[in-house]
Each structure stands twice: as structure tokens, then as C-alpha cells.
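Look at the two complexes coming up: chain A is in both, with chain B in one and chain C in the other.
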Partner chain A sequence: MSEYSIIGKPTPNVDGPAKVTGEARYTIDMTLPHMLYGKLLRSPYPHARILSIDTSAAEKLPGVKAVITGKDTPGGKWGLWRRFRELSDQQALATDKVRFIGDPVAAVAATTEEIAERALDLIEVDYEPLPAVFDPIEAIKDDAPMVHEDFPSNINATRHIEWGDVDAAFAKADYIREDRFVLEAAHPCAMEVHNSLASYDKGTGRLTVWTSTGSPYFVQQNLADALKMREGDIRVIKPHVGGHFGGKNSTMPDSVNAAILSMKTGRPVKIVFNRDEEFTTTEHRTAQHMALKLGLKKNGEIVAFEVKAMTNGGAYTGLGATTLYLTGTFITMPYKIPNYRYDGVRTYTNIVWGTSIRGFGSVPGKYCSETQLDRAAKDLGIDPLEIRRINAVAPGYTAPGQYTFESCGIQPCIEKMAVRVKEKWPKIEQDEGIGYCAFAYMTGGIFNWIDTPYAYSSAHIKVNWDGTVDLYSQAADVGQGHNTVAAMICAEELGIGLDDIRLHMGDTAHAYTDLGAWGSRETLMNGNAIKDAAAQVKQKLIDIARMKLGENIAYDFVARDKRVFLELRPERGVSYYDLVKDAIRHNDGVPLTGTGHYTPHNKGMISPAYAMGIMAIKAKVDRETGHVTAQDVLVVHDSGQIINPLGARGQTEGCIHMGLGYGLCEEMPMDQGMLLNPEFVDYKILRTRDMPEIEIMHVPTYEPNGPFGAKEAAEATIAPAAPSLANAIYQACGAEFFSNVLKPEKVLKAIRAKEAQNNATSQAKK
Partner chain B sequence: MKQQLNIVVNGEPRELFIEPKTLLVQVIREHLGLTGTHQACDSSSCAACTVVVDGMAVKSCSILALQVNGREVLTVEGLAQGPNLHPIQQAFIDNWAFQCGFCTSGQIMATKALLDENPDPTREEVQAQLDGHLCRCTGYNMINEAVRDAAKRIKAQKETANSEKGAK
Partner chain C sequence: MKTIITDFNYLAAKTLDEALDLLCKHKDDDYRIIAGGQSLNTAMKHRLLTPEYILDIKGVADLDYVRFDEKEGLKIGALATHRSVELSPVVREKYEVLREMEENVASIETRNWGTLMGDLCNADPAVDPAPPLIALDAEITVSAKGEERTVPAEEFAVDFFETVVQPGEMATEIRVPPLPPNTGVHFMKYSQIHGDYALASASVLITLDAAKEQCVNARIGLGGVGVTPIRAKKAEEVLKGKKITDEVLAEAARVASEETSPISGIEASADYKRELAGTLVRRVGKEALERARRA
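Presenting the complex of A and B:
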């Protein structure tokens, strides 16, 4: 018998029936009586001073109920880095100047979307175009235009990380190689665009906002800043969310302007971005330059590593400053690196800003470090899997001042991979190769830039007389399946069934704080809070069972299969439902509740726990066309105790989809700050025919910080996809890549460069 | 000038007066309030809005409502028989074939059209039929498995129905 009755069992999505019947309501599906439609007028210039705005013609258009510009807004600035007020740099509508193509300058509310759009055409804005800067290396030059006046050299954030004696270690290294990389931006491409519905009640001065977000709490806090209101007067509700992928952490101008327009008109206002706005004005994965220096011993042991990153931050901060920090840490994982130095700079530029997209901090960096490691291994004549094994960390490993891996299954993952690869791919054909990448990722971040005074996660449960449980939390299911995980954890702890649980999630008015779905935090952080709440109720039930059964205090009780019984004598027990009735009736009707919370303490700078593993991709290259095919993917994953194998598989497959897109086809080319492919016709995400089959194996560990030993499964496997692919092509034909997006022209160029190099070498030998 | 539109939606005859430029997706979502059909792009390139018109999978954003005048439209809301989910819906749930669920109704309706036409598709045939359907969550493989699982369920259902008929 398994230790658990629910945890670890493949469990269909609790939102399944709603999502397959069309009953699931997303913000975009909602309307309210008397509702108006809002639209934003956006800057056509990457950088310009606003001289004047004339809204009079727009105001006169029949059906238009309000037209606002920056001066009509409460003027509060906001950002996720709220603790550092200077980085609260977003605003509802630009007041003095615009900083990227798409910066909003005015907003309209009208009776139909069409009228609102026509009104935008009637607004006259007089701009004085300013010189603009688009590249981080240009941005830090002395004569570069300043994106924000109070940030000299356009430096938005810097980060230095160092341990050991890096210079001394390089001096002693047997082998050193340096590589420079340019990483392309990528868009999260959630299927549901950003959209919000705001309803302001003039009588009470209270605001309700429904929005497609990953964190109702962040939106509530940011709205309070933007609107200069009390947080308690703002209720944020997250209905079903049509995809997040890190692009829905920041509060965006849709919710803020919908709120302001609702205040002005006294009517509910809905703002929905179109797909063009979604691509051109919402957050993406940052483009960046990286320089890596790696020092090894002859046997392949890493002795020193130095990383420099310069990220193209764009016009605002978002979570980009956090991404910058994590770039410097995830790039070291999961390897023993005794001497390490990182310097990262995030620059403001005149483009839409980059932030915390899925696997944030790990995706560009791991591309660089893992392709570099393969080249180093080849130079030293070491097998690529072996060099990863030699350097992989063991449980308890600490990177000084940064992080500690408590549970850690990387070594067994690599061993399992070595065995499975031989079985799975016994023969490699011409122009085929196998590429590897080892990886690790946080299970929830220990960061408090939002400056919350509350627990990182809380949950509250109320048990009804019939034994049904109402579970309340602000935690956000954004498609990753957290609702299912939450119900499973609650049911397991109480020893009841999933059908006993009713979820009330993602509403700031009804639930205590949870910081939302980012950094793979919900399973561990919200899971711990839920488990804590349920454990409190369970204890009350056990106390009653002990009284009823008159048991010796030395006996331990368990709650399982809808009973509370003696662990050693399971026949002695009481029905859960009877206990609940007794607990309420015989306690003067006092509600049977539990309130749990979780905040990490003494767990380093990043996370309480890390999922990790190794990926292998078998790929083929066509030397004539440069076309690359990812044929087969194999992942060995340490995710701790898997809560829901179905959900974990879904997350891993989704990560690989997005990660392969990063490696094969997703890019955001811009010309003078203008995005050239703002539609799915031109921005290519992988389609079903492009997807290889994926085999996922697990190395279960028990994570002491996770609920039931669980770690994250939502993000770790995105970063390894692109480097595994690039390494497979490197193994197949020797072509080296210093940038992601292996489009045929880039691959051909790399093949030709390799051929030229080989010819030169053979000429020299002659 | 508004024009009359007569369509059967999920088995119910509907009579509407609409502007000729109205798209089918607008009639479905805005006029009839059937919000299970979603739109994820403005360029007819995501297929999230797929519905079934007279047995054919159609992107409802790419067709005027008046073009389907007199026809039968099936949306995701019309698939379940009372409280019983359609085998495709159940297969999507059991195979974790959706995450955020936003593109799901389009995937399900395309599957309906596919399985009506080809009751036993291979992995490649499913890929071919669903290739235009963008999904950012799943990586598609679990959708593909759900479609083939649905095919098996429908076949089993038919066999049961036939043997029951035979018994009578």
C-alpha cells in the first residue's frame, strides 16, 4: 500500500468538466450590465516628449463616455519592485514622455468597442520625437539618450555575485575557454490576452477588478499604488486564466485604466488587448548579451566560472531585475563550482520591457553555459554526459551565501539517463546527434520586492457540518493545475476525498494572501499553507476521536479513507463525517476552521527547494538546407514527491514545447523599436506536427521543505530544451552556436564555418 | 442594414437580426452568450474559435455569420448529452489534454469533426488535422493521446450500443 491515498496518483483536473464544456469563465468572457468598453491610444514613437493632447473631437463622438490622459489619472506609479520605490516605474498613461512604441497616452471608454476604437483615431497628440536607444551596449554609453531621467547610463539594476577566489583558480586551471553569446527575446504568447473588467462603486468608494493575472495580490497592491487607494478598498478576482507563463505577473495598463475609467464614468469598464497589443506592449523574455569564461582541470572538473550578462531591459522594470539576479545563480546549477563570479547589468532601453517569463533567469544563461560545457568536453576528450556527472552536486551542497540543495537527485538522474540513452537510442545515424543539458530550478522564490507584510502563502479552510470543506486561498491556477494540487493536498491531509473539497481561489476579498503563480511556488508554498490549515482541523478531529474512543495518549491517530483511526489498530476508528458533526455540535457550534500559512526562513537567497534533472534530445540536421529536427526527447527529473503525475507530465511537456520554440523558431525582431512579427502568422510557436515524442522518467526524492516532500514541476524543464538541441546538432556535425533560434540560415552558416575551420586545419597539417 | 439570420445552434433554431459584417464568432460569443468558444488571435491563425458547421470544422472568426444561414452549428456547449460528457470531453479530461483550457473548445470541436470522418486516426493523422490549432500549454502530445483515446471510447460505445440492439 502506498503511503498516500491521493498524493502521487494520476488525478484528472478538478476544473476539467468546466473546461471541456465551455462553462469555465475567463475574464474575457465576462460582461456586466451597463458595461463600457475601454481602449488605449498608444505611442507610435519609441521615445518622444508629449507636447499636447487634444481629446475634444473624441469626446464629442456619440457613444464615448470618457476620454482620459495622464493628467486625469491619480498619478501613482507602480511596479513589482515596490520595496525600492524608484523602480516603481510604470504608470497608467504617459505624462511627460513615452518610452516605447506602444506606451499608452490616452484611454477611452465607450458603449461599444468599435466606437472606442474610432474615438482613438480622433485624439490628436503632438509629439516631439527624441533620440532612442534599443540595445543595452549602446544604452550604457555616455552619450546615450536617457530613458528615465533619474537613471544615469540607463542602468536599471546591477547584480554582483561572487564566491571563492576566481582569479587564483583561473590561474591554476588546465583549460580555459571564453565564449560570447547573443540571446533573442521571446514572447510568452498566452492564448488569453491581457484583459480586465473593473467596476467602481461610487457609493462606497470600493473597486472590484476581474483580471487575467497570475497574482491577484500583486494586482491589488499595484492598483493601490497606482490609484492612491487603500488596498482593502480594492478587490481583485482571478477567474480562469487562459495562460500565464510569467507574462502575467506585472499589473498592466489594462486593469489600471479600466479602473480609472470606471471611476470616471460610474460604469463597469472592460479593456481587452488585441493580439497585436499583446505582442507589442506586454512583457517578454529579455534579449541579452552574455560572456562566459570557464576554467577546468584536465579531468573535466570545473575550477572557476565567470559570467557577465547585459540584458535589454526595455522601458520599465517588471520582474526584470529579479531575472537579472537569477541569471547569475541558475547558470551555476546543478554543478559544484568552487570559484564563481557574476556581474549582471539590466539596462533601460526604448522597447517594450522584458521580465520573468517561464523558467526566468535560467533559460538564456543555461543555453550559454551548457553549450559551452559541451565544447569544453570535446576539447578535453570527455564524454558530454560524463563531464556533467563529474561536476554534478550532491545533497546538501551549498553555494556560499546563495543556495543549498537539501533534497538533490541529480547524480541518480544522470546515472539513469546514461542507462536509458543506450537502450533508447542504440544507433545514431549520419547527421544525427544526442545533446544533453543538466538543469535545476527554484520551487518558489524567497524574494520580497513586493514588500508584503503578510505570509508568502496562506490558506483557510472551513468545514461544513456535512463534512464538505471550503478551501480559500489567493493562490492562482493559471492552467498549471494548481487547483487540482491544492484539493489533493487538502484531501490527503484530512484523509477525505477530492469530492469533499470546494475551492474558492484567487479572490483577495475572501482569502488570505498568496503571492501568486510565479517562480514555481504554488505547490510548495501554497501547498504548505493548505497542509498547515488542514492539519489544524485534523488535530481537532483527532482530539474528538481520542475522547470518543477513550484511547491511551500514547497511541497515534491517522486520518485516511474518510476515517480517523489508530495507526496501529486501524479497526479502532471513527467516521470523518461523524467526527465533524461532533466537533461542531458539541463545541457550541463554533465553526470548524483552520488557517495555515507559510513563509520560508533561513533557506538562502533563492528558494527552499530545487527541482533538477537532465535532458537529452536526439536531433537531426539537414546539411543542405540547415533544417533541424528535434526527433526525440528524454528527461530524467527529480521533482521530489510528485503530487499529481498527470499534471507534472503536462507541465514538463509544455516546458519542452516552449523551450524548443526558444531554440528553433521564436524570436522578436525589431526595427527602431518596432516589433516586426506581432501576430501568430509571423511569430512562430511550435505546432503539433513539430513536437517530438517525450519520455519522462522520475528520480523521486523527499524534499523536507515541501508538502509531502514535493518540489516544483512547472519550470525546470524549459531551460534545457534549447541547449540540448544545440548540443545535439554540435554532436551531429560540429556546428557551434552562440545564439538561440536555430533557423536554417543560422545553422547553415555554422556548418559552413565549421567546414572552413576543418579545411584550414587539414591544410595546415599538410 | 441588419439582416435576418436563421441558424440551428446546438440543436436549437435561432433567429437573429445582425449587421452583415458580423462574424460567426461574434454571433456565438456576443449574441448568443456561448463563451466557451474563444478567440486567441486577430489573424485567423490560432483556430481556438473552431466550431462544427454541418459536420465540418470551421474557424468561426473567418466566416461571416450570414454565410452559415440555414445551417447547423455545433459549439462546445452542445457536445454533452445532458449530464453525460461526450467521450471526447471525457478523454480530454482523463488524458490531461488541456491546462489553461482556453484553446480547448477549438481542439475538441476539431476532434469531433475528425472522428466523425476518420474514427480511428493515427498519431500522424491527428497531427495533420489539429496542426493549425495553437496551444501554448500542453506541447500537444497529451491532446493527441486524448484524441486517439476518444476514438477508442466512441468505438466501444458504438459496439455496446450495437450489441444491445442485437440482444433485443
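Presenting the complex of A and C:
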């Protein structure tokens, strides 16, 4: 009999039936009586001063109810780095100048979407184009145009991390290699585009916003800043969300302008971005330049590592500054690196801005470090899996001043991988190779740049007379399955069934704060808060049970299978439902409640817990076309105690899909700040038939900081996909890559460069 | 999600005669014919096309068919969808290459809506059906009120997104002749993602003599490597009259790639596409030869 009755059992998503039958309501499905449709007019220039805007013709178009420009907005700026007010750099509509192609300059509300769109054509904006800058290396030059006047050299954020004596360690290293990389941007491509429905009540002065977001509380805070209102006068509701992938943390101009237009018209206003707007004006995974210097002993032990990153931040901050910060951290994991230095710079440029896309801070960096490690291993004659085993950390490892791994299964993961690879792929054919990448990722971030005064996560539960439980939290299910995890944790703690739980999630008016779904935080942080709330109720039930049974104070009770009973004598117990009735009677008719919360303390700078593991990809390269086929993926994952194995599997497969897309085909080519592929015809996403078989094995550990020992499972496995693939190609044919996106032509060139190099070497030998 | 905001007049025909009458009447107007709408809707949403009239032929009786007889071969009506061609038993039995081609056209959803003829009329240079139809020596019937003409598949597209179909005309039928004995035909497109537009595509037909030794006829269609799909006639000459060896195929591939004039794009350069076309001709030719030997 397993320790748990619900945790660890494959559990279908609690939202599944509603989603597959079409019953589930997303923001995009919603309408309200008298609702207007909003549209944004956007800048065609990457950088320009606004000289004048004439809205008179648009206002005269029948069906148009409001046309606004920057001067009509409350003028508050907002951002996610609220702790540093100068980084609150977003605004509803540009006032003085536009900073990227797509920066909104005016907004229209009309009775139909078509009229709103026609009205945009009637607004005349007079621009004075300004010189623009698109690349971070250009942006920091003295004569570069300034994107924001108060940020010299366009430096948006910097990050320095250092421990040990890096220079001394390099001086003593047996082997040093330096590599430079250029990483391409990628878009999260959520199926549900950014959209918001705002309804302002002029009588009370209160605002309600339904929006497709990963964090209702972030939107509430940001709207308060943007509209110069009190947070408490704004209610944000997150209905079902059709995909987040990191692109829905920032508050975007849809919700802010819908709110302003609703204030102007007194009617509900809905703004839905079209796919073109989604690609060109919403946040993406940042393009960046990286330079890595690695020092090793002859035996492959890492002695020193130096990393420089320069990210193409774009026009605003978002969570891009956090990404820069984390890039310096995750690139070191899960290895013992005694001497380390990181310098990161995020620059403002005249493009749409980059942010916290799934696996943020790990994806570009790991691509560089893990492909570099393979080259180093080859030079030193060490097996690629062995060099990872030699350097992998052990439980309790601390990176000075940064992070500590409490639970840590990386070594057993690597051992299991070594065994499984031999069984699974006994023979490697011509032009095939196996590539590896070890990885680790946070389970929720500790940093508080959003400046929340509240606990990082909270949950409230109310147990009703009939035993049903209402669970309230602002925690966000964005498709990752958190609702299921939340219900499972609550049910397990109370010893009841999933059918006893009613979820009321993602509404700022009905629940205490949770910071939302980003950095893989919900399972651990919200899970701890829910477990805390449920444990309080459980204790009340145990107290009543003890009283009823007249048991010795020293005996322990458990709640399980809808009963509360003595741990050592399970036959002595009371029905959960009877206990609830008694408890409410004893409590003067008040339902049982518990309010739990969680904020990490004394857990370093990054996260209370880290999921980790190793990935292997077997791939084949076509030497004539340059086509790369990822044939098979093997993951050995330490995700702590898995709460829902079905959910964990779905998340891992999704990560590998996104990660392989990053490695193979997803890119955002731009010309003078103009995106060249803003639709799915040209933006390439892997389809079902392009996906390899995926085998996932778990090495369970018990994470002391997680609910029931759990760690994250939604993000760690994205970063290793692309480097494992590139390493597989390197093993197959020696072709080397210093950039992601292995499009066939690039692969073919790399193969020919390698062949030319080999020919030159063999000529020289003769 | 993007909406079509320009107004247009909607016309619908129930019979071919009605459709041809309407075309005759609106000959000088800015109109577009819609069948499956898989390309036209997108172009209109992006305001690349803003026609004044839309003529809907979806309801026209007797244009949705895939038929075969031993004498005249295969006939595909203008309203036959990609999916119905893909699933047609006679296509599977007699023109396997067309089923292979259809399997990789976009997605099932698109193939359920989109018509093969509409795809040809849209005249994207990378259109999937064109190379196999060129290799199969297909003809396309173009009708106007009171008249009709046929055009060889390789002459159908005349430029980037432009065909021989003139104002007042409509393409109504594709005819594919029966395959001669000892004939093998194959098609491949290359795209990094399954079902995507081809970076290049090639179809090769090879007919061997009775002894299955010498190549008596060869036809090669290429897609995605010029402003229109093309027929690689010089490469065909390399194959004709010869016993086809790997060396002969390699030479035909080299000549075929010289016949292309691809355009560089964000996906790949012209040089890459040119080389790719040659690689495909060699691979497809080898399979076509095997099939001819087995035929």
C-alpha cells in the first residue's frame, strides 16, 4: 500500500471534461450585454516621435463610441520590476514617442470589431522617424540612439555573479576553451491570444477585468499603477487560459486600454489581439549573444567557468531583467563549479521586448554551455555522459551566496541513463548520434521584484456541512494542470476524494494572493499554502475524533479514505462526514475553515527546490539535405515526489516539443525591427508527425521544501532538448553549432565546414 | 482572428452554366472565385486581395468528382477536395503518387476544405500537386461561356500566383492519362516540418522498354524552385534512351538543378534550393526506376 491515496496516482485533469466538450469558458469566449470591441492603432515605425494625432474622422464613423490617445489615459506607467520604479516602463498608449513597430498610439471602442478596425484606418498620426537600434552590441555604443532617455547606453539591467577565484583557477587549468554564441528569439505561440474584457462601474468607481493571464495579482497591481487606482478597487478574474508558456506574465496594453475605454464609455470593452499582433507585439524568448570560457582539469573536472551574456531586451522590461539574472544561475547547474563569474547586460532596443518564456533563464544559456561541454569532452577524450557524471553535484551542494540543492537526484539520474541508453540503443547507425544534456531548474522564484506585500502564495478552504470543500486561491491554472494538483493536495491532506473539492481559483476578489504561474511555482508554493490550510482543518477534525473516541493524547491519527482513524489501529476511527457535522455543531454553526500561506525564507537567492535530470536524444542527419531528425528522446527526471504522473508526463512532453522547436525551426527574423514571419505559415512549429518518441523515467527524491516532497515538472525539461539534439548531430558527424535553430541549410553548411576541416587535416598529415 | 473588413459582393452559382454566365457578366470586374477558400480567405484577411466580387462555386452540382476509366484515365473535378483525392480508391490503385503527394499537403483540416484545383489556381510556386501532374502529363480544362480549352499542366501557371486562366474563364477539370506499361512515378517534397510548403519538390516518371532495360520516356516536374512549377526537360533528355544507372541519375539531377531559378527566402537561400532540387530528382528518380521495374 502506497503512502498516499491520491498523490502519485495518474489523475485525469479536473478541467478535462469541460475543455474537451467546449463547456470551458476562456476570456476569448466571453461577451457582456452592451459590450464594445476595442482595437489598438500601432506604430509602423521602430522609433519615432509623435508630432500629432488626428482622430476626428475616426470619431465620426457610425458605431465608434470612443477614440483615445496617450493624453486621454491616466498616464500611469507599469512593469513587473515594481521595486525599481524606473523600470516600470510600459504605458497604455505612447505619448511622446514610439519605441518599436507595434507600440500602441491610439485605441478605439466600437459596436463591432469590423467598425473598430475601420476606424483605425481613419486615424492620422504624424510621426518624425528617429534613428533606431536593433542589436544589443550596437545599443551600448556611445552614439547609439537612446530608446528611453533616462537610460544611458540603453542599459536596462545588469547582473554580476562571482564566487571563488576565477582568474587563479583559469591560470591553473589543464584545458581552456572559449566559445561565442548567438541565440535566436522564439515566440511562445499560445493558442489563446492575449485578450481582456473590462467592465467599469461608474457608480462605484470599481473595475472588473477578465483576462488571459498567468497572474491575476500582477494584472491587479499593474492596472492599479497604470490607472492610478487602488488595487482594492480592481477585481481581476482569470477564466480558463488557452496557453501561457511564459508570455502571459506581463500586463499588456489589451487589459489597460480595455479598462480605459470602459471608463470612457461606461460600457464593457473587449480587446482581442489578432495573431499578427500576438507575434509582433507580445513578449518572446529573448535573442542574445553569449561568450563562455571553460577551464577543466585533464580528468574533465570543471575548475573555472566564465559567462558573459548580452540580451536583446527590446523596448520594455517585462520579466526580461529576471531572465538575465537567472541566465547567470541556471547555466551553472547541476554542476560543481568551484570558481565562477557571470556578467550579464540587458539592453533596450527598438524591437518588441523579450521576457520570461518557459524555462526562462535556462534555455539559451544551457544551449551554449552543454554544447561547449561536449566539445571539451571530445578534446580531452572523455565520454560525454562521463564528463557530466564527474561534475554533477551531490545533495546539499551550495553555490556560494546563490543556491543550495536540498533534494538532489542528479547522480542516480545519470547512472540510470547510462544503463538505459545501452539497453535502448544498442547499435548506432551511420549518420546517427546520441547527445546528452544535464539540467536543473527552479521550483518557484524567491526574488520579489514585483514588490508584493503579501505572502507568495495563500489558500483558503471552507468545509461545508455535507463534507464538500470550497478551495479558494488566486493560483493560476494556465493549462499546466495546477487545478488538478491543487485539488489532489487538498484531498490528500484531508483524506477525502477529488469529488469533494470545489475549486474557486484565479479571482482577486474571492481569494488571498498567489503570485501566479511562472517559474514553476504553483505546485510547491501554492501546494504548501493549500496543504497548510487543509492541515488546519484536519487538526480540528482530529481533535473532535479524539474527543469522540476518548483516545490517549499520545496516539496519532491519520485522515484517509474519508475517515479519521488511529494510525496504529485503523479500525478505531470516525467517518469524515460525521466529523464535519460534529465540528460545525461544536463551532456554533460556522463552517470549518483554514487559511494557509507560504513564503520561502532562508533558501538562498533563487528557489527553495530544484528539479533536475538528464536528457538523451538519438538523432540522424541527412548529409545531402541537412535535415535533422530527432528520432528518440530519453529523459531521467528527478522531480521529487510526483503529484500527478499524467500531468508531469504532459508537461515534459510539452517542454520537449517547445525545446526541439527552439533547436530546429522556431525563429523570429527581423529586418529593421520588422518581424518577417508574423503568422503560422512562416513561423514554423513542430507538428505531431515531427515529434520523436519520448520515454520518461523518474528518480524520485523527497524534497523537504515541497508539499508531500514535490518539485516542479513544467519547465526543467525544455532547456535540454535543443542542446541534446545539437550534441547528437555533433556526435553523428562532427558538425558544430554556435547558434540554435538547426535549419537544413545551416546544418549542411556546418557539415561541409567539418568535412573541409577533416580534409585539410588529412592532407596535412600526408 | 484577423477579420476581413473590406466589403465585397457575394455571388453564388448552382450549376456550371450559371457560374460561366456570371463570369462572363463580371469579366471586367475585380472578382475572385472561391471554392475551399483555404488560400483566398487568408489573402483577404491580410488585405493582399480586396476583390469587389466573390463568386462562390462550392454549390455547383457535378464538379465534385474523382473518376477513372481505362481509356481516358483519371478525371478530377474542380470541386474535388485534396482529402477526397487522397482517399479515392482509384487514385490509390492507379496513381499512388497522387496519394503520396496528398498525404503531405498541409493538414487534414486544410485538405478537407481545400480543393486540388483551387490550389493549382492559387499558383503558389511550391504548390504540391503541380510536379506530379506535370510528370503524369496531365491536362487542365479551362472553360468559358460556350467554349473550352485544355492546357498542359506545365503551362498552367505563368508567373508567381498567376495562371493561364483569363477573366471570364474557370478551370473545371484535371485529366490524367492512363499510365503506359513499365512506368514508375514518384514524388517527394522537402520541408523541415511535415505538411509545410516545399523548399523544393520533385516528381519523376520513368517508362522502361519491354525488356525493362532502357528508359523510353521520362518526365520531371519540379516545385518551389522558380516563379512557377517547372518541367525539367533537359534533365528528361539525359534519361531518355539510356539504361539508367546511378551515374545517369546523378547527371540528370545536376542538369535538373541547372534548370531551376529559385528565389532566396527566410527559410533557405536560392543556392540551397537549387542543390536540394537536384538531390530530390536523384532520390525520386531512383524510386521511380524501381517502380518501373516492378510495374
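Note that the second predicted complex is superposed on the first by the 766 of 766 C-alpha atoms of A that agree within 3 Å, B and C clash if a C-alpha of one lies under 4 Å from a C-alpha of the other, contacts with A are read in each partner's own complex, and residues count from 1 in each chain.
As a convention for this text, a residue touches a chain if its C-beta (ideal position, glycine included) is under 8 Å from a C-beta of that chain, and two chains touch if they have at least 3 such contacts.
Being a predicted model, the structure only gives us computed values, none of them experimental.
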Contacts of A:Leu326 with chain B and chain C, given as first, second, both or neither: neither
A:Glu624 touches, of chain B and chain C: first, second, both or neither? second
Chain B versus chain C as contact partner of A:Thr21, first or second or both or neither: first
First (chain B), second (chain C), both or neither touched by A:Ala224: neither
Partner chain in contact with A:Gly481 - chain B first, chain C second, else both or neither: first
Which of chain B and chain C A:Arg689 touches, first, second, both or neither: both
Partner chain(s) touched by A:Leu664 [first = chain B, second = chain C, both, neither]: second
Partner chain in contact with A:Arg118 - chain B first, chain C second, else both or neither: second
Which of chain B and chain C A:Ile642 touches, first, second, both or neither: neither
Touching both chain C and chain B, counted on chain A across the two superposed complexes: 193, 274-276, 681, 685, 687, 689
Complex contacts: residues of chain C adjacent to chain A: 1-3, 5, 42, 107, 190, 192-197, 199, 266-269, 272, 276, 279
Footprint of chain A on chain B - complex, ascending: 29, 34-38, 40-43, 45-46, 48, 75-77, 79-80, 85, 89-90, 92-94, 96, 98-105, 108, 126-128, 130-144
Complex contacts: residues of chain A adjacent to chain C: 113-114, 117-118, 193, 272-276, 624-627, 664-665, 669, 676-677, 681-682, 684-687, 689-690, 743-745, 748
Contact set on chain A toward chain B in their complex: 12-13, 15-26, 28-29, 188-193, 240-245, 274-276, 478-481, 646-647, 649-651, 653-658, 679-681, 685, 687-689, 691, 693-694
